[in-house]
């Protein structure tokens, strides 16, 4: 089985562990987080190194994914993604076995599709995105890199979401909505 | 395999193609749309005729479904449905393999249940309806013909929705709600 | 097959029957409701006794679950749960086969997870709860006894919900929200 390193050991990491184990394509080798947390565990998986050790880890392991969440700002997820790529890791896209991704959709590197999410026909999602639990990306949507589409958000058909956006939990964007770079959309919003 | 004609080649048609191919009960023969679009393709499926050719097509093909969307008004979907029935087509109900429809629920002719939608026990849905992606129809609901229950809408138990209604994305209707003919419920609404 | 008694024969009971039959772990023996309803049927299952007969039924049957809904107040569901436990029934947790419950989550006695609901990693749910259709309980949530998380509600990560709460349909609670005992959260609410 392919082996993977998780970068970031908080609450979102637990959901990521659950999805990866349930999917079964990757074996989790360990988690990278702050150095003072080394030796502690998240759902049984050890924090084995700090962010500074990524180059060294990339010599032994091929795959990694960024597993910290993103609410206030995408900056930390972007930094970790760039560091992991520079270190030589491959960042795969990962899809929960109970999510649905159309064969006509495209997913970028390091993007994760969480439990019960849906990505419909002709949608494209960039690199390092989180399509969180029960989120819906409708047909013809274009979502750029480093976006977090939060739990149960509904992105209706043909929307364009530029890079670095946070689309809050249970928010709705109308058909053909355009959301500019680094936007922060609050939970429960309706974007017209 | 049974062969089917899709009537309408826009954005919703892409989701319909995705559901039908994923389900695998029908082979898509082609799409009917405006005559100036004949020869163009939608996700690899050719527009083979215009709306005026439906009678002719019905002599060669048995099944059809209306695959245009419905937001402002149900009129165009009603016209196309009536024309297809008059031409002699059978309009089947189609259910995404990842949707759930209770064995105690009833679906009318030409009604499509999209990805991750749920239709619970003792609900009945009329003809030519769209139960769009992730929509929920709870127990004991009665939904008449030509309605579009949009993405991630929640129709709670025992609601009555008369014909021709549009229930917007991520809206919620409370238990036992009554929604009159041709109503337009905006995205994100709460109907008490 | 294990045999189960349903306590309460209203609208929610229909959804419960649908989930139990679809799951297939239990055979429904009959329903308990008001004495004047004895002999009538719900989706083909007979009302065989009244609430006063629970002690007698527990001598012949091992399993039961409370199948009435809960909107205004949890009191009736609590009374029926306590009566069933005292009578000697085992109240199992029941999970719809199309719901997802993480192997890292915990469910209490008599709790039911309805169609397309999700309970993510490290969440814990107490006794006698309803996690209704399409509801989402995110990672690290702690939900106490006798709560009804209504249809399509989103409980984001790390929330604490005390006992006896009703969380309305399509409402959203933000990360780490704290909801006190017996709270009533209206449909469509955003709780920060």
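Each chain gets a letter, A, B and C, in the order it is written, and its residues are counted from 1.
Basically, a residue touches a chain if its C-beta (ideal position, glycine included) is under 8 Å from a C-beta of that chain, and two chains touch if they have at least 3 such contacts.
Just so we're clear, the structure is a prediction, and the values are computed from it rather than from any experiment.
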Interface residue identity across copies subunit B, subunit C - same or different by half: different
Relative orientation of copies subunit A and subunit C, as a Cα rotation angle in degrees, nearest 5: 120
Computed distance of Cα centres, subunit C from subunit B, in Å: 32
Subunit A residues counted as touching two or more neighbouring chains: 116, 134, 152, 170
Contact set on subunit C toward subunit B in their complex: 11-12, 14-15, 17-18, 21-22, 43, 71, 98, 115-116, 133-134, 151-152, 169-170, 187-188
Complex interface listing, subunit C residues touching subunit A: 100, 102-104, 116, 118, 120-122, 134, 136, 138-140, 152, 154, 156-158, 170, 172, 174-175, 190
